[in-house]
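Once you scroll down, you'll see the structures, which are given as structure tokens.
Each of the next two complexes has chain A plus one other chain: chain B in the first, chain C in the second.
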Partner chain A sequence: MRYQGALFLLVFLPLVLLAYKLTPRRGRWCVLLLASYIFFFSISGKLLLWLILSTACMFACGMWLETVRRDGADAASKLAGEEKKAQKKKTDRALRGIVACGVILQIGTLLCLKYLGFFASNLNILLGKIGLGLQLPVFRFLLPIGISFYTLQAVSYLVDVYRGTVRADRNPFRLALYMSFFPGLMEGPIARYSDTAQSLYDGAPLTYRNLTFGVQRMVFGLFKKIVIADRLNIAVKEIFEHYDTHTGTVILLGAVLYTCQLYADFSGIMDMGIGIGEMFGVRMPENFRRPFFSKSISEFWTRWHITLGAWFRDYLYYPLSLSAPMKKLTARCRRRFGNRQAALITATLSLFCVWLCNGLWHGAAWSYLFFGMYHFFFIALANITEPLTGKLLARLHIPTESAPWRLFRILRTCLLVCIGELFFRAATLTDGLRMFGRIVTDFRLPTELSLGLDRHDVVLLAVAVLIVLLVSILGERGVDLRQRLAEKPLALRWGVYYTALLAVIFFGAYGTGYIPVDPMYAAF
Partner chain B sequence: MKQKLKIPLRAVAFLAGLTLLLLAGSRLVVPKSNLLGGGMHNARASGYLSEQEHTVDILFLGDSVTYSSVSPMQLWEQYGCTSYVCSTPGQYIEESYRYLVDFCERQSPSLVVLEAGPLFRSSGWYIDFGRATYLKAEKLFPIFRYHNRWKSLSLRDLTGKISYEWKNPLKGFVPSYEEQPWTGGNSYMNPTDTPRLVREFNRFYFDKIVRFCRDRDIELQVFSAPSPVNWNYAKHLATDRLTEEYGIPYMDMNLHLQDVKIDWAHDTRDSGDHLNINGAKKTTAYLGAYLNGLGLLTDRRSDPAYANWNADLTTYIQTISRYGGGEAQPSATGS
Partner chain C sequence: MEKLLAILSEIAPDVDAATCETLVTDHLLDSLAILSLVAELEDAYDIRIPAVEIVPANFNSAHAILAMVNRLEEA
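Moving on to the complex of A and B:
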């Protein structure tokens, strides 16, 4: 079942809405859980067991943390002075042990299922190169849908319970819903328990506003996904699969088109997911905030796949930066290089770990690792050269807030992002490097260009991208389009809804003649 | 109370408006001609649309194995029966059912011959179910099938006049003169005790086909054409048991290859996947004799109402003799 498929839109979703409506408020979360498990099973079948195991482990660890914390607090309250301190230390140690166990189990499962084959095959190459006759078995497992997303949700829950920012949930089935809520199951957003859990269990009534706002967002997502992304897929596939027959300029065009496709696909599915959540009164976190208006790579990552960036920030970057070894290193560097340099060194080290994991999270392949390192390089470079850039701009009298400078920075960021996505999409890292090589050495314009799109497709794509751009510009200016639309007369509102629906139905790249394109991030 | 009713009424009004728009959109994009250039999907299989109503007695359903193996004009030549092959590449059983229903809206067949291949085609239950849902939506609102015709809309589409003028002289048959031998022999039909699974979803649609035919007094016959690549004994066994369960006759030519006189060195176009014209002539002759033996064929050759079939036979003979090699393709003009 795919979010953009007929079965989901015409059968599954209406049935879930109906069942939700007919169920008393207290039991509505059960409807959502059942629907989520059916949705999961329809895609991954028996691999549902992995999700259940992951949920069970998360529930058990959460309850254990809660019990140890409570018992520790009880014991400490009866003690005083050094004994109390010792008891607190003992409790902290136990809590750390439990959370470590829970996190290792969650991440370990992900590592085994997703990365074991990659590590084993690369180790075999290495062992072969150094002349050892040893060959490790290479296992490839079927991955349950959304494992990379729900694993991060599970880890965030455990760490939050450990930190005491949330209370452990006493109901395993409610926790199961947090892990599996179907609108975010395939591609996220990576929700936090503290943000979404309550609205999931509330069983909010289906209101007119929620339904209309939800449908609006869903249709806009569908527009991005099947009108733009799936149509662009035809040209992108042609360029990336036959890059050796194209000039550097066409490959660069391919990188730009792929970036547009990925954005339209991923943000489209996000819009659909968040819109569906909205219908049930569930607020899911935003994952995109007009990323192509970013003026730097680090800003880009606060606007693109926001929940992943925030997860790495809260559960990897900060804990790493504040860890005892890192504090020691900072102190040493401070003595040797001074305050600023010391902070820069430790921040860069933590950033390196974050981007290594970010690259790996996307997939078990060298191209993804390279993708992570590529972004790390530009972010670190910007951090290191920041004082120098500031001085240079001041010396050249370039006003940093002027529109041309801002535009230059936006375009520069877009170009860097597109090149990064080229490596992300290329079949292998070698292919990515070859394609990049062509971009910087072959500047010929193609004499004729046929990328599987006719002139109608090109005009349609141009108009559709302009619409998305216009909506983004308005969003960037703080205009709440949906609220504005809601204030207009009924006839105008319905006119807009009908136009949007018919545009999706008429101009969508679906049905005969098109290969269905699964949501792209679902593969990660 | 008024306030309570306001929202449901609004929803109904909105959906009614959307339905009207979808119907209008469907009317706009539905092909106004059955020529390939007219935008109709599977124009070959839909060529029956231009046949005179209630004149085609036999409908063949199935996948590419069927349209490569059965020549309706040969059946006309030999037995005087009128038939059409509504088979499409990789046809799913729910598509077979859809073709049956659509065909019966214009024709009154006395016999439906279903090739067994679609019984085993499945992409997983939810994809099958999704496809069936989409097929249903396409039937209700053809805009879902023909939406891509926005690229080629013309004034004719605005006037909305539909005329199916292309007559398919091959009646859905797709001959090929290619020869690529099958060298695996007949071992693909070595007996086994384990039948291939017929999924519940496929059984459901097979059941619908059976009930549809019974409700309309249409004879149903299941058959399997020779195809070592697509067929085996496990599938034969499953089909045999299924048809026996429903009391429907089943004939598997793969078990009678000597009687059919199949020569795998010369009768297949792609190493045992599909038959070529040589193989098709043999299987059609065998199938014709079998159906005639069951008394299921009606000779219409002396009926003046069917005189155009003789004219079609002349065109058919010219058409298949024109293609010395490759696969005969109906052109945009239908010739």
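Moving on to the complex of A and C:
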């Protein structure tokens, strides 16, 4: 079952909506949980066990944290002075130990299932090179769907309970719903317990507004996924799989097309997931905010896959930057280089760890590691050269807020992003480097170019991309298009909805001549 | 408050920190600026700011920052 498939859209989702409607409010979250587990089982079968284990571990650790905190507070309240301080320290140590256990279990499972084979095979190559006959067994495990996403949700819950920003949930089944809510199961967004859990358990009624707004968003997502992304897949596949037969300019075009495909695919699935959540009155976090209007790589990552960036910021970047050893380093650097430079050194070290993990999170391959390091390089470079750039612009009398300068920065960011995505999509890192090599050395224009798309496909793609661009420009200018549409007369409003739906049905890239494309981020 | 505004004006000179209520949500303070700010605050007020305090609600305005500082001074 896939979000964009007929089985999901025409059978599964209507049945869940019906069951939800017929169930009394108090039990509606149970309907969502059952639906989520059926959805998970339909994709990953028995691997559902991993999700159940992960949830059980998360529940147990959460309760343990809560109990230790309560008992610690009780004991401290009966003491005074130094004894009280000692008791608090003891409780803190215990809490740290429990949260560390929980996080290690969650991340450890992910590491074993996803990365063990990668590390073992690379270690074998290394052992072979240094002449040791030893060969480690290379295990390849089947991955349960969404493991990279729900593991991060589990870690955020545990850390939030440890920090005391959320209370541990006393109902394991409710926690299971937070971990598995089907609209976000395959590709996220990576929800925080504090933002989403309550609306999951509320069992909000199915209102006309929620349903129409949800369907509206879902249809737009479907449009991006089926009309744009799945059609672009034909050209992207051709260029990336036969790059040695194409010129550098065509490969660059391939990188641009792949970036568009990835955006349309991922943000389309996000629109569908968030739209479905909206139908049930569940508030899921946004994952995209018009990323191609970013003026720097750093800004790009606050607009693209927002929940992943925010997760790394809150649970890795800041804790690492503000850890005791880093603070010591900052203090030493401050005395020597001043405040900004000291913060820069700490931030750069933390950034390196964040992007190493970000690259690896996407997959167990050198190309993903390179992808992470590529973004680290440009973000760190921008941070380091910021004062110099400011001075240079002032000397050259370039107004930083002028439209041409902003446009230049946007185009520069888009180009860097497309090159990064080229490495991301390439079959191997070597292929990625070869493709990049061609881009910078082979400037020939192709004499003939079809890439598997006919005139009809090209026109459709151009119109569809233009529509998405127009919606993005309006969004960038602060126009709430959805609300505006909802305020229009009934006939016009539903005319637009039906036109969008018919556009998806008639112009979607499915059926004969098209290869079905699974949501791309589900593979991560 | 003057001491805090002086620190903020050094870290984000183009921002009217006295009135702005969206320092973080509008990306006027980025992560690097927040790290600098944390180091300055720890020195100026002799406090320790743990990672758990680094949330937009605590850094979105000068008032919010001051409230956090006061809370940590009392703890």
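One rule holds for everything that comes next: the second predicted complex is superposed on the first by the 524 of 524 C-alpha atoms of A that agree within 3 Å, B and C clash if a C-alpha of one lies under 4 Å from a C-alpha of the other, contacts with A are read in each partner's own complex, and residues count from 1 in each chain.
Note that a residue touches a chain if its C-beta (ideal position, glycine included) is under 8 Å from a C-beta of that chain, and two chains touch if they have at least 3 such contacts.
Since we're looking at a predicted model, the values are computed, not measured.
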* Three-chain arrangement built on chain A, chain B and chain C clash or fit -> fit
* Asked: Is A:W494 touching the first partner chain B, the second partner chain C, both, or neither of them?
  -> first
* To do: Please indicate which partner A:G511 is in contact with in the superposed arrangement: first for chain B, second for chain C, both, or neither.
  => first
* State whether A:E299 touches chain B only (first), chain C only (second), both chains, or neither. => second
* To do: Using the touch definition from the top, say if A:T441 reaches chain B (first), chain C (second), both or neither.
  => neither
* Report for A:L502: first if it touches chain B alone, second if chain C alone, otherwise both or neither. => first
* To do: Would you check which partner chain A:R334 touches, where first means chain B only, second means chain C only, and both and neither mean what they say?
  => second
* chain A as apex of chain B and chain C, Cα-centre angle in degrees (nearest 10) -> 170
* Looking at the overlay, what does A:P319 touch: chain B (first), chain C (second), both, or neither? -> second
* chain B and chain C, closest CA-CA distance after overlay, in Å? -> 38
* Structure fact -> Residue set of chain B touching chain A in the complex reads 7, 14, 17-18, 21-22, 25, 29, 41, 125-126, 129-130, 133-134, 137-138, 143-145, 147-148, 150-151
* Structure fact -> Listed in rising order, chain A residues that touch chain B in their complex are 1-2, 5-8, 10-11, 42-43, 208, 454, 456, 494, 497-498, 501-502, 505-508, 510-513
* Residues of chain A touching chain C in the complex -> 163-165, 298-299, 302, 313-314, 317-319, 321-323, 330-331, 334, 339-340, 342-344, 346-347, 383
* Partner chain A, residues of chain C touching it in the complex -> 27, 30-32, 35-36, 38-40, 49-52, 54-55
